[in-house]
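Encoded as structure tokens, here's the structure I'll be asking about.
To keep things simple, chains are lettered A, B, C, D and E as they appear, and every chain counts its residues starting from 1.
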């Protein structure tokens, strides 16, 4: 069983890392973000699979943290990247 | 060792070993409390820490000198390799003292530039300056005392993080750029050092300097680790050709900060390089390595001096001269590790003499350079600029400051009776006696070049012109006196060469002595 | 019993992996950002969800199972937020 | 056939590929996204290496909070577009750097392929001394007992970094609020995230600190999660960045290191000396230090992300 | 090949790639990223060494692992400080030219 779970962790990771090609290609920043998010979700899945394979509850904690931070990273992406483009014409003290 | 395990040493705490902790923890606590108290609190704290720190250094040095034995303190009672030992030998004591003297002088000097009047609000530059001053002190003392390579990494980072903000304190684009470049150099330097640390741990299972020296063997692991660590440390020491970051950084900081950076901070990584090669892995210090380090030093002496000659601004000139003076320090490597047959010719401990000469150069440069940077700061305050070409009449306007600057310069040139003279003479004689005359040539040429750039400053400053200097500000006598006192320290070093050298012999690496006996 | 449990896990986890595969394929092959976003959301929701459900029988204790569900819920939240924000951002020129 | 090594090889390959991408990318934004992904992959590698504590730290600090700093920077530098003008290195510099970097890599590779046998380790010694401390997590024992002086100095490094970043404020803005992270706009979705995630994150952060004495986790990881949640709330404009000149902020920043130092100095009264703990009280004292440190680390990391004070941020 | 050796090779690659980037990369922000990659490679080497030292019922030698945790915090502080310096420099340069983007005069001054 453990072997299977580790193998599936590998498969999920391999699959989503192919999606990373979008990070390279783009073309829009949104594409890069989506690819990174897919990698985030895939990593969480892989960590959960690993945790089950090893039978270690501490690794599940790692998955919880990864998910939290994935959400955080998305918020950071969004709040920094897209809004600033949309509001580029508004006066902002950082821009001038 | 057979099991790959480093065993523990039968070490115990020295009776006054707790002072080693205080030397690090007092200024470290000062950093934390200064942020908390803010405003004038930071300055008061620095002023309160200063005498305590000087006292700690004095007691430690006095104890080591009298007892002739190194001090040890096991933090938390844990023995290496699991725990961390703080150790103070003669070299640490000398460095503790030098640090305390220079920082003490900088404290007194900086009260003039970063002092807040009573009741004033907290201001940016003063608060940051006092915090960074204590950060530098804590980091330096940790470098002199820590006996563990990873603790030394943290100590080096402590130095980096307190040195970089000093560079960009005035916030101009030029100093920000200098600070960023300095930071990147320093970070790459520390990460290379850390890489070597990892390799050593993987090979020998300990990072304690003493334990490591027992188990280390001349094999690829040790050699690659040592090369990486040395490369990293040289970048932090600004040895030619890794010196690019130094002049703008040291010239850009406020005078008190420049004094700290040039006199002390670059010496931290230098001493670590010395400890690494002479104490932790003496069996690896082959002829090639020591000659290479010496050659880089020689290149630094010539290159730095020539560039110093060509600078139009005083602070940049002093900064380039630091590159040259750092070069001299590296003659320590070929001269203090000469094989026995070379040194026995004249039947004296030439390796030991070179060792003492090198350390003397370090102390003399620290005091002289700090005095010169602070003198340059006073000149810049008085004139509103530091363009050497417009110094006419300066000798009359600021006689005390110029005297201090000149005394410092004498040490750089190696004129008697300065500390720099004794240091360079010892290196010179050792070079001749060991048959490595080429270093002697560089030492002499470097001295001449130093005389050249000092002359460029003094020729206009002392010229008997009738123009009265337009002074922007009147510089208080007390600040000039501090600078002069420090310059006199550099001078006095030359008058009592025997005593500090005795202190230096306590716990001197066996490799330096063993090669000669 | 144990065989059944393991079989359940194997089936659901494999199905989850297939959804990840579909999501990636969509991300790579679909022509414009909005359809790519759609594909990504599928992978997020279903891929991770199936894997979590598949792993639930393997978890020892209620708390461990609860953590798994929390992970899934968090991922849902992040995914939903990302979807809305990306959709809005791509909906605008620039 | 065992699948473990295949997974490891995949992770190692992926990490290396991402590193190459980050270094060579023409677009700073793409490089930063690649770096965050790189951090994620490394966390997985740390799990595979059996270092759960490090995996937690890498996820929280190495990838999470660092990612936030880098993203904010990329936006402000307007680097989203490809760069034309920056001076590129000449061919000779490139050749020399490839040669030297390759040399370092080759040396390292040669060493890792011929390890010392048996590998030296301090694990037995670290394990043997743990009962004396009463903590079950050896890493906590190392960070707060055996090598506590490193941890203490590293806390000072954090404070110096904060003071260094604050020093980059303009004189007129000194002591004021830092600019809020992200853009100045309120946004429904972001508000929702900011309202829902922090409560969960705070529970998770405290949990990670709490279990840290005996299981993977501790002050660093917990503090970083708390910091991330704080930044998230600020991004959603649910709170304002603090006025950094206030005594409360300064107290929050300094309390951890000061408690740590105070307990260290109290050790002088004991036979073990500085930073030693009285028999039987080691674990409670370690937990006191961890709690104080977590709080300060969370505040300091958050402030490091926020950057220097900016004038006129309160309109 | 053991799993530790695989990650050991990975760490060697990371260090090399990162070093190359710190020298060659003209963008300061990517220089900072490259430094972080060298750092990650170094930490990974610690991890490999820890893994090989697994003993006493521990999955790895905890001493190097603890060092990595300390190192990660230091590396983050360094990144934050470097980025803050870069941003301020960018502001300063932009202010001096009174233009939204500074001209790239030198590899260190240019933000973009």
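A few comments on the model shown:
Going forward, contacts are C-beta pairs under 8 Å (C-beta built on N, C-alpha and C of every residue); 3 or more make two chains touch, one makes a residue touch a chain.
Keep in mind that what you see is a predicted model, and the values were worked out from it rather than measured.
Minimum number of contact steps separating subunit B from subunit C: 2.
Chains that touch both subunit B and subunit D: E. When the interfaces D-E and A-C are ranked by C-beta pairs in contact, the top one is D-E.
A straight line joining the Cα centres of subunit A and subunit C is 12 Å long.
Centroid to centroid, with C-alpha atoms defining each point, subunit A and subunit E lie 20 Å apart. Each chain gets one centre point, the mean of its Cα atoms, and the points for subunit C and subunit D are 28 Å apart. Inter-chain centre distance (subunit A to subunit D, centres taken as mean C-alpha positions): 18 Å. For subunit E, the set of residues touching two or more other chains reads 15, 19, 32, 41, 45, 48-49, 52-53, 63, 67, 70, 74, 77-78, 81, 85-86, 88, 100, 106. For subunit D, the set of residues that touch two or more other chains comprises 4, 11, 48, 74, 76, 104, 108, 115, 119-122, 126, 147, 150, 154, 157, 161, 164, 168, 187, 189-190, 193, 197, 200. Taken residue by residue, subunit C touches two or more other chains at 70, 74, 77-78, 81, 85, whereas all remaining positions touch fewer. Subunit A contributes residues 1, 4-5, 8, 11-12, 15-16, 18-19, 21-22, 28, 30-31, 33-35, 37-38, 40-42, 44-45, 48-49, 52, 55, 57, 60-61, 63-64, 67-68, 70-71, 74-75, 78, 81-82, 85-86 to its touches with subunit C in the complex. By the touch criterion stated above, subunit D contacts subunit B in their complex at residues 104, 107-108, 110-111, 114-122, 125-126, 129, 145-150, 152-154, 156-157, 159-164, 166-171, 174-175, 245, 247, 250-251, 253-254, 257-258, 261, 264-265, 267-268, 271-277. On the subunit D side of its complex with subunit A, the touching residues are 2-4, 6-7, 10-11, 14, 18, 21, 29-30, 33-34, 36-37, 40-41, 43-44, 47-48, 52, 55-56, 59-60, 63-64, 67-68, 71-72, 74-76, 80, 179, 181-185, 187, 189-190, 193-194, 197, 200-201, 204, 207-208, 211, 215-217, 221, 225, 228-229, 231-232, 235-236, 310-313.
Across the interface of their complex, subunit A is touched by residues 6, 9-10, 13-14, 16-17, 20-21, 23-24, 27-28, 33, 36-37, 40, 43-44, 47-48, 51-52, 55, 58-60, 64, 67-68, 70-71, 74-75, 77-79, 81-82, 85-86, 88-90, 92, 94 of subunit C. If you check the complex, the residues on subunit A that touch subunit D are 3, 6-7, 9-10, 13-14, 17, 20, 23-24, 26, 29, 32-33, 35-36, 39-40, 43, 46-47, 50, 56, 58-59, 61-62, 64-66, 68-69, 71-73, 75-81, 83-87, 90, 92-94.
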